[in-house]
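Below are two complexes that have subunit A in common, paired first with subunit B and then with subunit C.
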Partner chain A sequence: MAMRRRLMTLSATILAIGLAATTVLAVKPEGNRATRENGRVIYERSCLFCHGAEGKGDGPAGWFIGRYEAPHPRDFTSEGFKLRSTESGSLPTDQDLFRTVTRGIPGYMPSFAGLTETERWQVIAYVKSFNPAFQTETPAPLLLGGPAPLASPTSIETGRALYVRFECQACHGIDGRGDGPVSEAGDLKDASGLRIFATDLTRPLSFKNGSSPQDLVRTLMTGLDGTPMPSYAAQLTGKEDEAWYLAQYLLSLSSGSFP
Partner chain B sequence: MPLTSLAGETGATLVGRVVFRGTVPPPEVVTVTRDPKTCGETRTIQPLVVHPSTRGIQNAVVSIEGENTSPNTDTTKTTAITNTQCAFSPHVEAIRVGTPLEVRSHDPVLHNTHIMTGKRTFLNVALVPGGHPVAKVIKMPGLYHVQCDAHVFMQGSVVAFDHPYYAVTEAQGDFRIVGVPAGRHQVTVWHETLGALHHEVTVPAQGDVSITIEFP
Partner chain C sequence: MSQRSITLGILMAVAATIASAFVHPEAQAIPPFARKYNVNCTACHTAPPILNPFGQRFLENGYQLPGTEDGGIIGKKKLGDVTLDDVTNFVGFRMVGNVTRSWSFKQQNPPGAAAGVVQNKTEFTFPDAFTMFTAGTLTKNVGFMVELGHDVEGGTTAVERGFVTFNNIGYHDLAHVRVGRYDPSAFYSYVTIRQQLNDVVESTTSGCTPFTPCGLNRAGLAPSAFAAKFYGLYQRDGTAISPFASSLFNSGGETGVDIHGRPFGDWFLYQVGVLNGANEGFGDSNKGKDIYAMLRFDYAKSNNFSANISGFVYRGYSNAKVQSQDDVNWNRYGLSARATYKMVDIYAAFAVDKIDKTPTAVAGLFDSTATGLTIGADTYVTNKTLISLRYDNLDAGGMLDQRKSATFVGLQVKQFLRTNIAIFARNDFNVRKSEGSDTAARNLRNAFFSGVDIVF
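Moving on, here comes the complex of A and B:
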């Protein structure tokens, strides 16, 4: 009986962690000095190794990650941010930073869902203090494409036509394997001038900005600042369904294959 | 001295020419690997364009150092960069802070116009054939680098000022800045490959002042 109770408690804990990983439950603390100070303590324990003591992306782990390899840990002081819900060139919202801290970045940054939500908000308040632009700019999320229509062979075919019309194949390749001519030519560079490669769209678990349809629509709308991936917001505004169809097509590239 | 009057109001007009008497390095010829029907088989890249008879430099940005005189209230003006035949037109643009910068494409191929200031993205947008132009207000003065990641030979510059005292030199190297207040000013010239140099000038209350600025 005691064993069964322990199992149930464990299941409840796992469920709670799972929920905490994707939803915001805790009240966000006020962005005051005490919050930032608490955030600093967490930052120096959890983030400093990669992002550096002053948030310049120059932590000691940079040597292991590779000095001349992209991506580098983010320089919070002056660079833009890749993973946002805001228009190209804007700062991320607090929710965007919360999502990145919680999920991590596949293949690069670990998930910090092990921190409590309050701790995550505290560390976000501290990270924002590295860049004075957070004091003067008010990032606003883009409206991301209304409700998702159901995927169907027709919608996926429409998405495929958009993939070709938007020339996604230039970088990502006609089959989406990240082997388009611009990527293969070595022409893709990040904000530091380091070579980067187009994402292999047949491997959704490696998508840095997430692989749900919502994540893909967000990436299409916002682009990934600091990389060649541009925003398609101006081309998709008023055509929300097209953004969803394209996302459905991208996900269809990996269906039936092991991610 | 601080600048106090607005361009177009009272003040003198600074006219001049930026010249280069040195040897112009040969242009770089780049093989086009993508969209040759629109972009051509090769591109000749020559950022230092010197007029053969005047020796004037095109696309140098001339400005007068000064304090911000007043916020830009002209919200009707838009400055545009057009992607045409796989080049940015104009190649170099000067803009006042507070003005929308519009990017658009006339080409039947995908371009992305990717504008950075330092390591921070100002704008990176896809311009698909027949698609919509995109505009964004420039809020910070400084140098903005413009590139197309799909066609890496496409490069350009935007220089943003928080005052109205600037001009981009024309084909013969000439420039003209109006409404300059009287006094001693420092003129700055910037060129994408030659860099920046400074020149002192004394401006009277009215009339034209003519200067020639020579890059070493």
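Moving on, here comes the complex of A and C:
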């Protein structure tokens, strides 16, 4: 009995230490001057080459990312952040920025998961200092509805019908290969007038905003500001199940990636 | 340019246009680092193999993302979980091949030609060079690189570069160490092994005997600033050193130890090193080691602009011999600069080669100073079309009865079918007068090449 008690005490202690350690690691540093200064050092070592010293997306290496095509590196001083969980036209949340820094953007920006969590938070604090709107606005994430319904042939068929109803095929093509007539005609441009290609939905690893069902629903609801990809929040708010069905259909387009 | 060259060029352009029409425009991440980090090649390159500032810092940091000591953890699995697919994150291949070569060549009776013939021919050759390389990080701040090259025409295979890196010793960016066979000029403003116009080796008489002049039939086409520049200079085993071959600091591959870093912030990069020298693939037969030091100033902030300027001193010790078999100390002093604005990349390098003391046996017969100037520019004129121009002037030194200076201008059009597959057409012409002689530096009047450059 005494042995059991000791084991329980030991287990509880280990659990408490583990939780404390996890909490410490995940703690977001206060957005004060010291944090921003630490962030500046990291930014100038890691981010400046593409995003530029003043965060305008005009770093010395940035131009080559897309050469004459979109995307070019983000101009932090402007509006139109693509990767958000917030309403279209809004700023991203800190968590959105953290997700982007951590995951990177497939094809364009490497993951900086090699930085510690604290370092990532510090650099985010510095990046936000480029845009005064971050001081006055408190971006709030959209509610993405309840838990994802289980995928089934019916739900995927419903998703396919939504795909057609929302005219996704105009850009992404009937098979989702990014070869819709609008994209093929070269008519898709980003906010700066650069040509942009519709995402090939059969290659989920190339999805810029992530490829989990949650990521897809978020993209559908928020859109990708600054690109032709609109927000479908107006059509899908209150019908969150339909957003999930559409996401399930999109994932079914790539063989083997069905959730 | 000959009628035939023009026809070939037109055919290449038509083929490129047709091929482009069938290739999906979306950028693909193919070569190993791009695969590993899931980014496009252009995250690190202006136009492969030339690096942009982000790629330069990635290289300086020992194949870790700039500002991090990630150890390549991105996408890396535990050893037991590694599959064959993961190997592709570490291995890459490059195949550069001239499909056609068309020489306008004024030498009488060149090797392989019938007597009394001036060689003026077009030939099919494919591929010229095949390279396999593996590079990455073994763990945090420990990286490696091995590059195996096969010269198809020469029939040789060799480890062109192979080294281990130990990074961020002391604190971040204080000191990075490379040990092995590496390119000393990797951090110079104009890097030897990163050229749009690939080196074309010279043609020499076969069966040359040691310490006797080896007949140069056709000039090599390589950056003059990097070239050996001297006629009548020999390796320690008596093999003649081509005046057109990249050498010393700009050799592209020498064995030694190199330390570089940025302890004073982003503005300055220092580099010091010690090499076996003596132009040897492996081992060391010279009496002393060669040493070098390089300092580079960088400006890379905003406005899609970057610039840098660098200078180096390379001191050789008994690293070559002259015809009399006396040892000489062969040194080089170089300056280089590069400026990049959006799609335009301009670079230049100037080098002075100096033999310390001319041995008595060749006194009055040997010019101990030689210089080389190379100016280049690359620019994308469309998203897929890269135009490169290079000017080379070699004021040769060495044996007065052999030396001949050379000036060439090369122009290349490269069409990217994908980010990692390109076809190109190139023409080089001799700016100096023929003089009607058989001298290699003058007898090659014009050269046209077309080929492919594939990295995967």
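Keep this in mind: the second predicted complex is superposed on the first by the 226 of 259 C-alpha atoms of A that agree within 3 Å, B and C clash if a C-alpha of one lies under 4 Å from a C-alpha of the other, contacts with A are read in each partner's own complex, and residues count from 1 in each chain.
We adopt the following convention: a residue touches a chain if its C-beta (ideal position, glycine included) is under 8 Å from a C-beta of that chain, and two chains touch if they have at least 3 such contacts.
The shown structure was predicted, so the numbers you read here are calculated from the model rather than taken from an experiment.
In the superposed model, A:Pro106 lies in contact with subunit C only, and not with subunit B. Of the two partner chains placed around the shared chain by superposition, subunit C is the only one that A:Leu205 touches, whereas subunit B remains out of contact. In the superposition on chain A, contact of A:Arg67 is made with subunit C only, not with subunit B. Of the two partner chains placed by superposition, only subunit B is touched by A:Ser78; subunit C is not. In the overlay built on the shared chain, the residue A:Ala234 is in contact with subunit B alone; subunit C does not reach it.
Using the contact criterion defined above for the overlaid structures, shared-chain residue A:Phe166 touches subunit B, although it does not reach subunit C. Taken together, the subunit A residues at the contact with subunit C in this complex read 42, 44-50, 52-54, 56, 58-69, 104, 106-115, 178, 197, 200, 205. Residues 75, 78-80, 87-89, 165-167, 170-171, 181-182, 185, 187-189, 191-192, 223, 225-226, 228-235, 237 of subunit A are the ones touching subunit B in the complex. Across the complex, subunit A is touched by residues 25-27, 29, 37-40, 42-46, 52-55, 57, 64-71, 73-74, 172-173, 266, 300-306, 340, 342-343, 380, 382-383 of subunit C. On subunit B, the positions that touch subunit A within their shared complex are 33-34, 109-110, 112-116, 118-126, 128-129, 131-134, 136, 149-150, 152.
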